[in-house]
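Letters A, B, C and D name the chains as they come in the text, with residue numbers starting at 1 for each one.
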Amino acid sequence: MERVRLGVVGGGQGAFIGAVHRIAARLDDAYTLVCGALASDAERARASGAALGLDPARCYDSYAAMFAAERARADGMEAVAIVTPNHLHHAIASAALDAGFHVICDKPLATSVDEADDLVRRAAAAQRIVAVTYNYSGYAMVRQARAMVARGDLGALRLAQVEYPQGWLAGPLETTGQKQAVWRTDPVRAGPGGAIGDIGSHAFQLVCFITGQTPQAVLGDLTTFVAGRRVDDNAHVLLRFASGARGMLWASQVAHGHANALKLRAYGEAGGLEWAQEDPDRLWFTAEGQPTRLLLRGGAGMAPEAARVARIPGGHPEGYLEGFATLYAEIARAIVAARGGAPIPADVVFPTASDGALGMRFIAACLRSASEGGRWIEL
Amino acid sequence: MERVRLGVVGGGQGAFIGAVHRIAARLDDAYTLVCGALASDAERARASGAALGLDPARCYDSYAAMFAAERARADGMEAVAIVTPNHLHHAIASAALDAGFHVICDKPLATSVDEADDLVRRAAAAQRIVAVTYNYSGYAMVRQARAMVARGDLGALRLAQVEYPQGWLAGPLETTGQKQAVWRTDPVRAGPGGAIGDIGSHAFQLVCFITGQTPQAVLGDLTTFVAGRRVDDNAHVLLRFASGARGMLWASQVAHGHANALKLRAYGEAGGLEWAQEDPDRLWFTAEGQPTRLLLRGGAGMAPEAARVARIPGGHPEGYLEGFATLYAEIARAIVAARGGAPIPADVVFPTASDGALGMRFIAACLRSASEGGRWIEL
Amino acid sequence: MERVRLGVVGGGQGAFIGAVHRIAARLDDAYTLVCGALASDAERARASGAALGLDPARCYDSYAAMFAAERARADGMEAVAIVTPNHLHHAIASAALDAGFHVICDKPLATSVDEADDLVRRAAAAQRIVAVTYNYSGYAMVRQARAMVARGDLGALRLAQVEYPQGWLAGPLETTGQKQAVWRTDPVRAGPGGAIGDIGSHAFQLVCFITGQTPQAVLGDLTTFVAGRRVDDNAHVLLRFASGARGMLWASQVAHGHANALKLRAYGEAGGLEWAQEDPDRLWFTAEGQPTRLLLRGGAGMAPEAARVARIPGGHPEGYLEGFATLYAEIARAIVAARGGAPIPADVVFPTASDGALGMRFIAACLRSASEGGRWIEL
Amino acid sequence: MERVRLGVVGGGQGAFIGAVHRIAARLDDAYTLVCGALASDAERARASGAALGLDPARCYDSYAAMFAAERARADGMEAVAIVTPNHLHHAIASAALDAGFHVICDKPLATSVDEADDLVRRAAAAQRIVAVTYNYSGYAMVRQARAMVARGDLGALRLAQVEYPQGWLAGPLETTGQKQAVWRTDPVRAGPGGAIGDIGSHAFQLVCFITGQTPQAVLGDLTTFVAGRRVDDNAHVLLRFASGARGMLWASQVAHGHANALKLRAYGEAGGLEWAQEDPDRLWFTAEGQPTRLLLRGGAGMAPEAARVARIPGGHPEGYLEGFATLYAEIARAIVAARGGAPIPADVVFPTASDGALGMRFIAACLRSASEGGRWIEL
């Protein structure tokens, strides 16, 4: 298939997530990076573009300029990856949709429910794809877990226990000027949620993605442990599902000894499973009355939905970049289908604007629950 | 030292916890089992006693008879181990204290806060020891964790995350007549809490024991997943401490794939630790900015409080029975001291009636919180 | 059943393995410790006996005196546990057999093949039990592994990979006077093998016990890494079985980071398994073309041979002392049967003098192979 | 820097390692794939090229044609990746060097020592780079291990224990026509070694790479367990180093339950370390007398040599493709330097023809040792 022509907004030199998106786009060779508005400073934008080998004529110093110029080209960009701080997502994505581009937006989709809902509407109106890179849904064994739940290996869901502990913000790192810490603890740029927004939203999305169910109500106890910090750095959340299932969600940035220890466990009437992001090629499954089985990506027992997105044999680890790249590859298939007006292929799976809006609802509900002393809030 | 003369109530042939108590008492050779009221049926009481090699004259068919007879002997029992279902604890313990015996009672101490408070008062009045076998506090590495928190390795406590998942009651096992399932899901014999009482109470005690702090308020979401069951089989609880620390507690009997997966993690300003009951000889510790260290019982870095209670070199696993036996050995030292009117030695550590009463308060608060729709309840 | 009347030689105050044997004998309540020759110094013998609550009249200062006196008593000792340094095993065991006692001897059985063969002959002649406490064969999941191999779960054996790394002798600990280090590196007291004798023999026995096969030939490369040490502290051994199976054995006392990391893996045509002593309640099994299964002691899939020797539910760890105690319990059943002239019950399993002699053959063959530059030696 | 213009020989549709090389080349954006001789069949070559988006004019049906045509272009290929079965490596690499191209060759470098030595000579004569993709040396934590050994964290080396068990050839897979199994068990295409060549050579290279030492002598016991197989499928090897260090190497293709379980442990006077390919972001290190420390890629304690090659924060796993890509990125830096006649930058590390030749020596020595009944052979 012809590669998707991709542009990026944000992710100039020194940024973390921008580089990740570019590797993810490159890994499966489904995209060509054709242009960028990599920084708002014209000089830095050009230098960053040069470092990436971009055509200098297609290194823009604003997304508006990029959208206008690329729209006018026969070989112009088809889709834009938005990798700026969160508070800019809505404006850029809106403009991109207005200009007719598909959008690949880092999570969270926006900084408020209203912004996110607006993007859902705009995406539908523009008939363009808005993908949100909840990247953990790209891991092969996450797809295995989802497939196993869907086909009934667990029976009716009872429990979803998810956690995402990190330790990097256990001290006042933002006061040292560390770039990631500064913007992620700034309610203006990151949105009102701290841990709940940055990583709690990932945990929530993973629960929905794997179980196929969305919690109906949440109860949150959010805390700021580091003096002077302006957002929460620890979130304890209880979940209730319409089905009667229950859940717990813990997201923390002050848990010494953890890097990105996202872990999900789900239990149903007939079995339980466990998956951990730091050991992503393995999935533990226990059917009632049987020994626990260790499923390895590429090993025995793979569901087609998981086998399809694996690149290399089992025991040769795939990691974060491969999971991220799987989302990009899925999105590329959707974009290529859209070129000819075809529907998105039935087996393609990636989070969209609605998932992004749901994530915003979750963050808002947790914040409200916490601010009201800890009571149940409907999603 | 002269061995403590021990009697037992309950634990006849076929019981689980009775055998555990007897092994625990025997392991460090600090007790002599001298008598028993092993069953209420006279025949079974005698047969059970014979199987244990007890003097037939000291195999009683009621605790009342045993207390009366043993009190009259010069070589009579000094302490009684109570290993009956929970609803009998209070009556037996009261009678034992009235008769002047020390009491070693399985957990929970009683089936209500009132009963438990009553035993606290009676123990004080009788000047007798009432020990409650929250056995996990006997593990060497639990004592290591407690010592590390106490000496400040974690700094000010922020988080306590504890969980105790089991899977054995994921189906309606009690309907098959399985003895353990029958009485533990019977609110009359077990008390009003199911998972929250049977294992949530262990988890709660472990939090208090290791952190040295008692939660001030709890919020519980208790569920009964198995149709027809009369008590909760899953408990989600949020914890708040007066110090500002927060916690999460999960106890479940329907989590397929888990046997007795009690795990505690605690995080403070300066570090974090993790301990799991199914791998009890290891403790993971991370000091801020340093690689995680794996502390092995008997290896480098042992605190004296942990080293003191280890029997064999590191790498030769000690397990559940050794942890249980450590409590028994500690209690024996207290009883021997009490013989001569001496105070309990300063380094002796075991849970007492107050800890048992606190556990009952925790269960009651969780039940109340859940019944009121999930709100914060002061302990 | 009436408890076995046990005496001990060795294991006075401060000894490690003596205390382990006594706990093991006590744990399942199948023995009564009636007498001891705990130390060669009369004073220390008496003091050690008093600490154990022994009748002072039955605290002897020589095994010869003990055997003579106990033989004359109606309630005299039936079996003797020998827990002295290795070089004394043969003389004491010979004398015990001559005096009509059963023998429970710590491993290795002797310090030479000739000594060991002599004990095999004497045991047969005396019609007495000689048990050798290769304690790892007492673990429930080792018995599970043995049962699975025996019933064909692995198919025809191809490979046995065993290792026993320790790190405690990585430095010249014996020069500090540390008691265990001193005698275990002394070729006179420990026998000519260092690591190969002390722990390599355990590893070898485990291979034979689990696979049901004995290597036919070995090739050893033994090394002494610590300057001045008089015995090997690292052993690399290749194994060949008559069946065509192959194996590798590594025993080391200089492997930093390991305590008692005995691990066995076995592979056959149809499957493979793995067991590690430091996590003894778990066994990993993979049948061809299926996901790896994690078997937990007390969980699903237990063979009767393993279930029979477990005391407590799965997830409540049993450890080193329980494994050791299982051997003692098995031996007690054999001794009780022998009282009435009955054969050893068919399901009783413990290592005997022949296993001990085989172990000596293994050590001797490795030493010879190494001294001849590394060539294959028939066992 | 300008991207390296890369061509490939082999790796047409359906091949495994060809796709891996292409992803590795793409991941860090240091190469442009400009041409290929992807298959010997002209039709398949063109179809494979089209699938990769190659210019049809640069899809060749023989490496000879490709070398001739690309040499004549101003924008011609600079380096060729050779991803054919092993028996073609020498001819293709020779031709590439003769034509002035740099060579990136999959391992093993050749099928005999003579071939490999010849390539070493030719590389030197042509002043071209010959890189051999022993890809495990690209993992960040392998470089961490190497740096720690080099800076003395382990002290003088004593032991290197390495293993590489797989289970995929436990049955006669080659008889089913499975492509990988067919050629890897064919002594003509794969070379005379089976497991020893395919994976034993990886294990050997890892030992040399991390310890900085090359074994002086080896003793091999090679076995073919699957009836009818023409090469070994299990290799047991003992290692001796000139320094007095010792080692063990196990490579197996019949070890059920293992996928690519390459693991290396090294022990010196002062410490020990452990690294496993299936968990590549972690390294376990124990300094004498201290608790074991868990080093995480991107976490505390990273050596500059490891930190330099990591792309993303710790806890976001990097895997096999990233390790492979690191080699490619290193090689690109060397090629770019060579463009201007500069020496290879001092910090660039990748295996070269000499390492490839050493690997061939190792394989040959093991085969000879085994065929002579298991005796020590100098390397």
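We take it that a residue touches a chain if its C-beta (ideal position, glycine included) is under 8 Å from a C-beta of that chain, and two chains touch if they have at least 3 such contacts.
As the structure is a computational prediction, the values presented were derived from the model and not from experiment.
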Point to revise | Partner chains that chain B and chain C have in common | key: A, D
**Study point:** Both-way neighbours, i.e. chains that touch chain B and touch chain A
**Key:** C, D
Review point. How big is the gap, in whole Å, between where the Cα atoms of chain B centre and where those of chain D centre?
Key: 55
**Study point:** Inter-chain centre distance, chain A versus chain D - centres from mean C-alpha coordinates, in Å
**Key:** 34
Revision key, fill the gap. Cα centroid separation, chain C vs chain D, in Å, comes to 43
Exercise for review: Give the residues of chain A that touch two or more other chains, as numbers and ranges in rising order.
Suggested key: 258, 285, 292, 296, 299
Exercise for review: Write out the stretch or stretches of chain D touching chain A in their complex.
Suggested key: 3, 16, 19-20, 22-23, 26-29, 52-53, 166, 258-261, 277-281, 296, 298-299, 311-322
**Study point:** Residue ranges of chain A in contact with chain C within the complex
**Key:** 285, 289-296, 299-301
Review point. Where on chain B is chain A touching in the complex?
Key: 158-159, 161, 163, 167, 170-171, 219, 221, 223, 225, 234, 236, 238, 240, 244, 246-248, 250, 252, 254-258, 265, 267-274, 284-288, 292, 373-376
